[in-house]
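A, B, C and D are the chain letters, set down in written order, and residue numbers restart from 1 in every chain.
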Amino acid sequence: MALDVNAIRNDFPILSRVLPNGHPLVYFDNAATSQKPKCVIDAMTQYYEQYNSNAHRANHTLADEATQALESARNKISSYFGTNPENMIYTSGATEAINLVAYGWARYNLQKGDVIVITEMEHHADIVPWQELSKEKGVEVRYVPINTESFTLDMEAFDVALDGAKLVCVVHTSNVLGIRNPVEEIILKSHAVGSRVLLDCAQGAPHERISFDNMDADFIAISAHKMAGPTGIGCLLVKSDVMDKMGPFMTGGSMIRRVTTDGSTFQEGHAMFETGTPRIAEAIGWGAAVDWLSNFDMKEVHAHVHNLAHFASQEMSKINGIRIFGDPSRSDSSGAVSFLHDSIQSQDLAILLDEGGFAVRTGHHCAQPLMDALGVPSTNRASFWIYNTEEEVESFVKHLRYICDRFS
Amino acid sequence: MTSRLWPEHLDPVIAEFQDCFDSMERYELLFEYSAKHPSPLPPEEWTDENQVHGCQSRAHIECSLDSSGRFLMRGGADAQIVQGLMSVTAMAVNGMKPERVSSMSPEYADAMGIRNSLTPSRANGFLNMFERVRSEAEKMV
Amino acid sequence: MALDVNAIRNDFPILSRVLPNGHPLVYFDNAATSQKPKCVIDAMTQYYEQYNSNAHRANHTLADEATQALESARNKISSYFGTNPENMIYTSGATEAINLVAYGWARYNLQKGDVIVITEMEHHADIVPWQELSKEKGVEVRYVPINTESFTLDMEAFDVALDGAKLVCVVHTSNVLGIRNPVEEIILKSHAVGSRVLLDCAQGAPHERISFDNMDADFIAISAHKMAGPTGIGCLLVKSDVMDKMGPFMTGGSMIRRVTTDGSTFQEGHAMFETGTPRIAEAIGWGAAVDWLSNFDMKEVHAHVHNLAHFASQEMSKINGIRIFGDPSRSDSSGAVSFLHDSIQSQDLAILLDEGGFAVRTGHHCAQPLMDALGVPSTNRASFWIYNTEEEVESFVKHLRYICDRFS
Amino acid sequence: MTSRLWPEHLDPVIAEFQDCFDSMERYELLFEYSAKHPSPLPPEEWTDENQVHGCQSRAHIECSLDSSGRFLMRGGADAQIVQGLMSVTAMAVNGMKPERVSSMSPEYADAMGIRNSLTPSRANGFLNMFERVRSEAEKMV
């Protein structure tokens, strides 16, 4: 059964927005953040209007309702990701999740000379924490290059880089190229040499049903806001035996067992890594988002988004001067289509597209090493999601063609 | 053949709770029952091992078989409401065969009108306690 | 002009809540988290329904609107706290703010043997990070005791502890006792010996207009959710010359200037400490909260809340068996009234109060060293705020008396 | 005595922009003007010092006085829309006395119909650029 995209669109209040320039919004900036269905917004409003309260140690009704909602969100979200609540640590997003691996696991488990393998395709969030750890601890960071013809990871170079690796950090799906990496192969090979694996699924989670226990990665980082959830929340999924080897990162209330002036003992498991007042509204919103997403078969969502991206890239390639980065013809490629015009500078192009109501992202997309590998300072990127339509893509291509004709 | 949901000797206790005018009266009764615990576990015997997790306050349970092979649940809590629930539970299960305890359900708390006057996590605390007793009994079978 | 508390109450949808037990909600758990006025909830809804987009590098209208709203929130909030946007770093709350001082300042600036002075009155959020730093760096943590008669800080002991201090961390207002510490004196004395000062204003900010530049503290930690704002956001205020001496904490996108496989350079100022997708909705909500709070004179708010607390404690003291921790007669004391009954255990008491619709907090309030000093494992705590009324306090005292009579 | 908001020789430029049918036409014109920059700053001369911050794209401005003490603004940007705005700005200010530049206001962009077709942060970028020119002129007074 195909997705009923029109019905889906009705769930999103923002999609009927008309921009100040009179054009209806065409939102193609989904890789930056997705829009939110009404049920997600409503779930948060309902929390604030009906049972807002600090959670835990719940000795009054509101606190109890808030605690229940928070824990029920944890159950929903972890089960959506194919794992147990015990394996999920709430963070503020994928960035904090990766920093948590750096501070809470790597800092305690890696020594000078240990090797961390990352790729040229990583988002800064999966590069800078490792560079910083390298400065602090003397670990070695190796970058697996990409093949700039196929835009895929150079797996031969990966095999070589793996020698002596203790941690492999790979983006599941590139936010720039839309390329999905062969994460299954990467996990198998990394484990074979005794390395742990962190997958950055910030882009993967909105496009594929992440099944943590089945995938067998050691860590998975996810942001809610890219998958219909609110800003300010995300999670790190961690295998139990790996979590047992983690030490405290941020400390304070909730994560403790007993605090005295002589020292403190900590909670075990995910509770050790969640301190301070929880992101209650955000967790509830994200829970509503996975409930909403559960209405759909993610394979169909992927097929829909992939078809839009593939169709868009095919039509865009026909426009003189347009160059595509990535390979949207690959069936596992996601909804991100990066492109440049050979004479219209990317910022100018973005402004001219915006003039037609088309929201695309422009810049280095927090992936400067990838830009360096591609030999460009930035790209324009149209990225599609569940509520985008073929008609939107058609009008986008038409407007793009018009701009290219007129401004080059 | 349907079996009873709770042992016969609990009937008068349940009736007493059912007769309560409101939740305040029920809580008052729980306070009274907390003092009547048939097999209390004194604080000296509270350990990490016998602690029931997921309760708001501290709760500890030790289960054993008496000389005649009958189930004995000893329990202690620092809050009287919890202690009262433990007390009623002990009245229910003490002296039963462990098989019987292991297949018991927590319906008596519903019948007492207690469970739906508890907020969800307090109800969970009670269920954790009950589940602890049930699973200890299972191990003895 | 006195506060129009009835008008204020109308701004809060939750205050008309009737609990499942049939009682109208009486919310006395404000020190844990405050309720949110409708304008705050609406500001976030409007963001999600009208212009949700990732901020920065804003090359399309939505991104531009979101960026403007985010920056305008930063301007509003920093100016509400009497300082410049440059001196404010968004965090997820006071807990993260204090951890940021530990990781981003203390880790770079303190050495083995350096002294950090904290107090017995601190929240765990202002204890455990220093204990952890002490383990990592060998700094010494000294605890200033409280006088258990007056419930105030032992300032003579403070003077002694100050010797050799490099950092003094003090809670502005105790979340348990309601006591406001002599922060002005503490700042002067600390600076006189060359020590930096961190004030934990999680409880101070909802009760007093924090004027960062005037107060002259080096760091101030604040949570939005205790001052009418949403969950998941807060800030650290930092003096410029101190910020210049800070190094990176969490790393990733946004906080960088240039990332290459050879290494990275970072943004300067607050931007270095804010990485990943911003908490956009949360910032906008908090901005709306300070707009709302700006309608009132915080001196009047304090007077109102203080009067309720003072009145409540006087009436409660008349009940047999009730003991108050703190001194709500002090005119600078805030809205928190901690108490215990000598025979009804605190959990039981909380449940029986909840039975009447009264939401109070019960437990160690993330202040176990203070509980140890007071010689109790926990307290019940009623904490009042701007929308609470004398009638609510009266009915609370009546219900408390009824419980004490009936259950002891 | 009211002074003009922009120098007379800018009038035909502004008129040209005012004649545009829509914003697309205006952008097209800006593209054209970007190629007509009277005093471009070539990329080799782009430095951290002359970079204008707060623009979406890279923009660099160097201001100086020519031999006869008249203001000269050289500018470069990697985006043509920004370069077009710089170009018009240079046309406005080049050859003026620095006092005059230092007291100028950015109204010409309003008159051109440009500023309100810019989203707020692009408008800010333009204002940052303009402010840079104005304050450099001030230093020369």
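Simple rule for what comes next: contacts are C-beta pairs under 8 Å (C-beta built on N, C-alpha and C of every residue); 3 or more make two chains touch, one makes a residue touch a chain.
All values derive from a computational prediction rather than experimental measurement.
Novice: Please work out which of A-D and C-D is bridged by more C-beta pairs in contact, and write that pair.
Specialist: Top pair by contacting C-beta pairs is A-D.
Novice: Would you mind checking which chain's C-alpha centre is most distant from the centre of chain C?
Specialist: D
Novice: Any idea how many Å lie between the Cα centroids of chain B and chain D?
Specialist: 81
Novice: What whole-number Å value describes the gap between the mean CA coordinates of chain A and chain D?
Specialist: 40
Novice: Between chain A and chain B, what's the gap in Å when you average each chain's C-alpha atoms?
Specialist: 47
Novice: Where in chain D do residues touch two or more other chains at once?
Specialist: Expected reply: 56, 119, 122.
Novice: I need the residues of chain A touching at least two other chains; which ones are they?
Specialist: If we look for residues of chain A contacting two or more partner chains, we find 21, 57, 59-61, 347, 351, 354.
Novice: What residues of chain C sit close enough to touch chain B in their complex?
Specialist: 21, 344-345, 347-348, 351-352, 354-355, 406-407
Novice: Spell out the residues on chain D that touch chain A in their complex, using ranges where they run on.
Specialist: On the chain D side, the touching residues are 23-24, 27-28, 31, 56-57, 78-82, 117, 119, 122.
Novice: Quick one: in the complex, what on chain D touches chain C?
Specialist: Per the touch definition, chain D meets chain C at residues 56, 119-122.
Novice: Could you list, by residue number, the parts of chain A that touch chain B in their complex?
Specialist: Within the complex, chain A touches chain B at residues 57-61, 64-65, 67-68.
Novice: Taking the touch rule as given, give the residues of chain A at its contact with chain C in the complex, in rising order.
Specialist: 13-14, 17, 19-21, 25, 27, 29, 32-33, 35-36, 38, 40-41, 44-45, 48-54, 57, 59-63, 92-96, 98-99, 120, 123-129, 131-132, 143, 223, 225, 230-233, 248, 250-256, 258-261, 263-264, 275-282, 347, 350-351, 353-354, 358-363, 366, 368-369, 372
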